[in-house]
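In the two complexes that follow, chain A is the common piece, with chain B as its partner first and chain C second.
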Partner chain A sequence: MSTQNLKIAIVIVCLLALLVLVPMGNSFVVLLATRAMAFAILAMSLDILLGFTGLASLGQAAYFGVGAYLTAYLANYYGFGLKWDFWLMIPIGMAVGGALAALFGLFAIRATGTYFLMITLALGQCVWGLAYRWNSVTGGDNGITLKGGRPQFGIDLTNDINFFYLTFAFFAATLFALYVLIRSPFGKSLLGIRERELRMRILGYNVWLHKYIAFIIAGAFGGLSGVIWAHANGIVTPETVVLTTSVDALLMTVLGGAGTLVGGAIGSAIVFGLREYVSTLVPWWQYVLGGVYVLTILYLPSGLMGIPERVRQWRNSQKKRETTKMTTAPSSH
Partner chain B sequence: MSDQTSDVPVLELRHLSKNFGGLKATRDVSFRIMGGDRKAIIGPNGAGKTTLFNLITGIYPVSSGEILLFGKDVTKWQSHQRTATGMARTFQVTSLFPKLTVIDNVLLAIEGLRPTKFVMWRFQSSYKDVYDKAHRLLEQAAFLDRKDVEVRNLSHGEQRQLEIVLGLASDPKILLLDEPAAGLSSGESTEMAHFLNKLDPKLAILLIEHDMDVVFDVCADISVLHFGQLIESGTPEQIKNSQRVQEIYLGTG
Partner chain C sequence: MARKLQSILMGAAVAVGLAVPAVAQENELRIGYLAPLTGGLAQTGIDMRDGFLLYLEQHGNKLGGMNVKFILEDEQGKGDVAVTKAKKLVLQDKVHMLIGGVLASTGYALAPVSTELKTLYIPSIPAADDLTQRQLPQFPYLIRTSWSSSQPHHPLGQYACDQGYKKIVTIAADYAFGYEVVGGFQKTFEDCGGKIVQKIWPPLGTKDFGPYIPTIKADADAVLSLMVAAMPAQFIKQLRSAGYKKPVLGGGTSYDEFVLPFMGDETIGDVSALHYSAALDTPKNQEFVKAYRAKFGKVPSYYSENNYTTAQLIDETIKKLGGKFTTPEEFIKTMQAIKLDAVRGPISFDENRNPIQNIYIKKVEKKKMFGYDKDELWNTVIKTYPNVSQFWTYGREKFLAQPVYDKNFPPCKFCE
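Moving on, here comes the complex of A and B:
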């Protein structure tokens, strides 16, 4: 169990380092970190499905988008969520994300494997279609620009550093909440479903219900990340809910390591970093990102978080080879 | 009639049939198991033994007939609802959670029938009663020293044993064992038979097994299944001496 505590300690140190170091950087770094953390919430919510339940969803952008659009719409047309009522926007965004997942889950949870992937993709594209075509509400291709800026309630969130702290708080809270979830009896049941669904049914679990609840939880946290994203970005367009966003979230999770929770956050940091940095250097930056994805899936199927385990295995095999050498050496003489 | 519950069979099949397209995998099977009964179903490969288990546990829907657990008609119920009445089963092909540790496997099995399985705001490790029970179960099966080993690293024989531990974790009143001795050496089979005989005598067992030593050692009542049909039932002696059973096993049936 001490390795578990060590891991927790490392995560906490990394979080504190983030909290201290990022505000020292320039405004570009602060905004980049803010966006990466907002998106990391989405990636971690997806990891609950992908890594812990074994459901590869390609529609996570739907809940993200709904949270973001609702935030932008209410702020622009009703001025809602720009003062202290921003704190109401958070549970509203989560409820809407969760409610949409509750609806979509009715269709999606029946399927498994590739079929689940296809259905979530199709449902996600429905939301994108709505965002693109429902001009009167979503502003169509132009999207919605948050004219009122970020919320102000004593704390001025238009200040990027303040907004960074707020995003950090939600990021850390999500990490904590989902960590408790995965170690809870319910979280363990998701692992069981991932490993052997039939056995879980025979053990008395209503597998459908457990998956459905997990789907809704993932949707709710997707909605949360959308609310923050809307304010981080200042504009919400169909780009926010397009398939690429879902794919990004999925690939980030795989890149960092599915089933590790923090993997999604690491993946998000790397992708945002690479995208912003490499795109200033070369026009073909997307190939770099694509190459990173391909290499990860080929050589590190368990993601970056799987590296320590890889190293341990490699060391063990080295040790074994040495011991067999030692035992066989005298006999050859 | 003072003790009503003891008169109700824990499991009763009435004219159970199952067709897969044109194949009649189960034909008109009826039997009753009372509390504490130890019954075996034997039969050549492809006789429909595992299909019968899959019907009883609700993995396949039945084509016709009824399944009663503790007097209740569960024919239309889902698997997890049937388990909740007090039934458990093991699988012929080991169906554990390979990437989880031994103790996590057992914890999942114990939580299966508890309402706390939906709790998501407390660590599993904070449920001391569940942990104590897992320890007790592993101690009985002499597994405690390996509780933190990932199940995929256990030997085949150990995995077969753990299958049964998982089956017992929900405190069932009837246990369905699908070839518990499959792939075991003869020494391990004998051990398995001892293990089964040591279980609570009030627990009813329905056993599918190819290893006749295990069957004769554990069960007092044996039924023979052939092409989905029960063709003979009786004590081990009767079955051993039955002309029809010998014909089936020697291929002249």
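Moving on, here comes the complex of A and C:
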């Protein structure tokens, strides 16, 4: 079995385990897993930019927020998206996320590195400002509470377990779609841009367009996670689009391992686990979270997904030492 | 590969197994308490918790004869986290009731959860008007023990008018709580013949009021401020050092005991309104302030008192129910009928499940109080409006017919 196939097999097994084990846990575990997976979609969408294109964005919450606010607004004021039309809400959320990214991309893509970070931060804050101050639409500080509850269309999504399955389906589908994307020629050229932008340009690639399209795709999946997030929590507030949400997504991706796709999901699981599960057990959960971040940055610059690689390196060095020992041992006699 | 699989499955199984369901004890009252213990609102959350725990401690950890299991969760000042934690408390810990939250947005986030899970919810701080007004029918399991935002500010508007102020400028934090406070004040002040001539809305969290202070109209007789968190101390300092000499009125949170220790002498003489003052000169309050200060080293704020009284109200309710918690419906019905002489004064409930209580007009004074030997700033009560309901004197039907107070309601007829 090739390593790539083995990796895919491990991911599939993990997904199946998640699918089987989580519903067996108590309702709080189901709720947390749902939240973590909805957020993992955002982290994975960010990974397309951060890990595969080399663009660190601090504005990913904007698309997330737009998807979430639109879902809540349409549901509350037009009753839209609460029956079978929920399935329409998904492409709408993705389209709006993508459209906003298409707009923001015009400003952001020209910059790289820190400047890209700053521009996306500013654009993200614009959306937050709107959410916060545009009272008649967003409800301002109070946000929008989804009065109608979750959608019902034969399947009752107000049941947390059913909603977990739905979120799982979107999570798995996103993972698959993004995986196909990065394996495609388009994905390969993104990697090329990440590694050496100048060479790609010399080879005749339209670097700007590639980045722009990646930015839009990331925005679209950000919108998708927003739609699910709105229904997962039943409330959308400016807190959803605030800078810390973007930072969270970025940190999760780095924590799990940028450029691995599943890294974002692992990071999301760990952060939600620590922040919302461990915080029910101990009051000093923030130190645990901070410690995990610091240790990861210090010892695992490639994130948790870099652990197998690290172990392999360590084993190899052990082996090398053993062989040198063996060869040097007789001479010591 | 098989080994890898095994370890992954084991890990997952352990993670799921960690969540051990709570074992219910006989005659145990399980209280799920939500307060922000980390983040910007942490100190508020600690005041709330301390108030509640003080009552429990003074009563041997029993409410109405039931042993209390107090489960505290950190809602981190975020609505969505509060929702998750609330569901954890109800579904995993099987609590009888949810208490707490600080922000109005948290109140709005938790109320639908109580409806969905058919669990009693007591917003012991969240003051959003509509929780017990226009949106109440959606929340059958909610009863409020604190206040509604506009409740103390209706009397304040009347008071300002009685002082002979004709024109007032409002400057308030730009969010829903600010709108409701200013709205309540404007309503009664203008109904009495006064005029709000200008409304200024600095964003929440503003620290530099330089751009706003010079725009305050010079011909106004006074300023009404509504500030929260770190804003009040900064605002008044900058206003006074800019040479503003006219009277300043404040919404409740502009001068409550939570911010007063951080303020200087420039606040002396400023007038504000709330349903509690730590300087309330009654034996009950003196006892409370002393006990609280001895234990926690600070003067209690309304956050502390409201939660202390919430515990007392639960105590009385369970007593009336014969020492057991039956159903949320019965609990609410019983609590609603209670008339209590609390630390803050007499409390009863209106038909919308919001307290009817005294509103105190308070003036900041520097003095010694309750035998403490240092000069400190206290909110001396200068006028009491007894038994004020959230509908003021308008009557329930008439009041609820108007929309909720907002940035543009009541409209600013006298602004240019």
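Note that in this section the second predicted complex is superposed on the first by the 321 of 333 C-alpha atoms of A that agree within 3 Å, B and C clash if a C-alpha of one lies under 4 Å from a C-alpha of the other, contacts with A are read in each partner's own complex, and residues count from 1 in each chain.
By definition in this document, contacts are C-beta pairs under 8 Å (C-beta built on N, C-alpha and C of every residue); 3 or more make two chains touch, one makes a residue touch a chain.
Quantities reported herein were computed from a predicted structural model and do not represent experimental measurements.
When the two complexes are overlaid on their common chain A, residue A:Pro185 makes contact with chain B while staying clear of chain C.
In the overlay built on the shared chain, the residue A:Gly143 is in contact with chain C alone; chain B does not reach it.
After overlaying the two complexes on the shared chain, residue contacts for A:Leu298 are found with neither chain B nor chain C.
In the superposition on chain A, the chain among chain B and chain C reaching more residues of chain A is C.
Of the two partner chains, chain B is the only one touched by A:Glu195; chain C is not. Looking at the shared chain after the overlay, A:Asn206 reaches chain B, while chain C stays out of its contact range. In the superposition on chain A, none of the residues of chain A is touched both by chain B in one structure and by chain C in the other. The touching residues of chain A, when paired with chain C in their complex, are 1, 6, 9-10, 13-14, 17-18, 21-22, 24-29, 31-32, 35, 132-133, 135, 139-143, 145-147, 149, 158, 233-235, 237, 239-240, 273, 275-276, 279-280, 283, 285-286.
Put simply, chain A touches chain B in their complex at residues 180-181, 183-189, 191-192, 195-196, 198-207, 213, 217. Within the complex formed with chain A, the chain B residues making contact are 57, 59, 78-80, 83-84, 88-89, 91, 95-100, 104, 107-109, 111-114, 116-125, 127, 166, 169-170. Here chain C touches chain A in the complex through residues 1, 4-5, 8-9, 12-13, 15-16, 19, 21, 37-38, 73-74, 76, 78-81, 83-85, 87-88, 91-92, 103-105, 108-109, 112-113, 116, 128, 138, 174-177, 203-204, 406-407, going by the rule given at the top.
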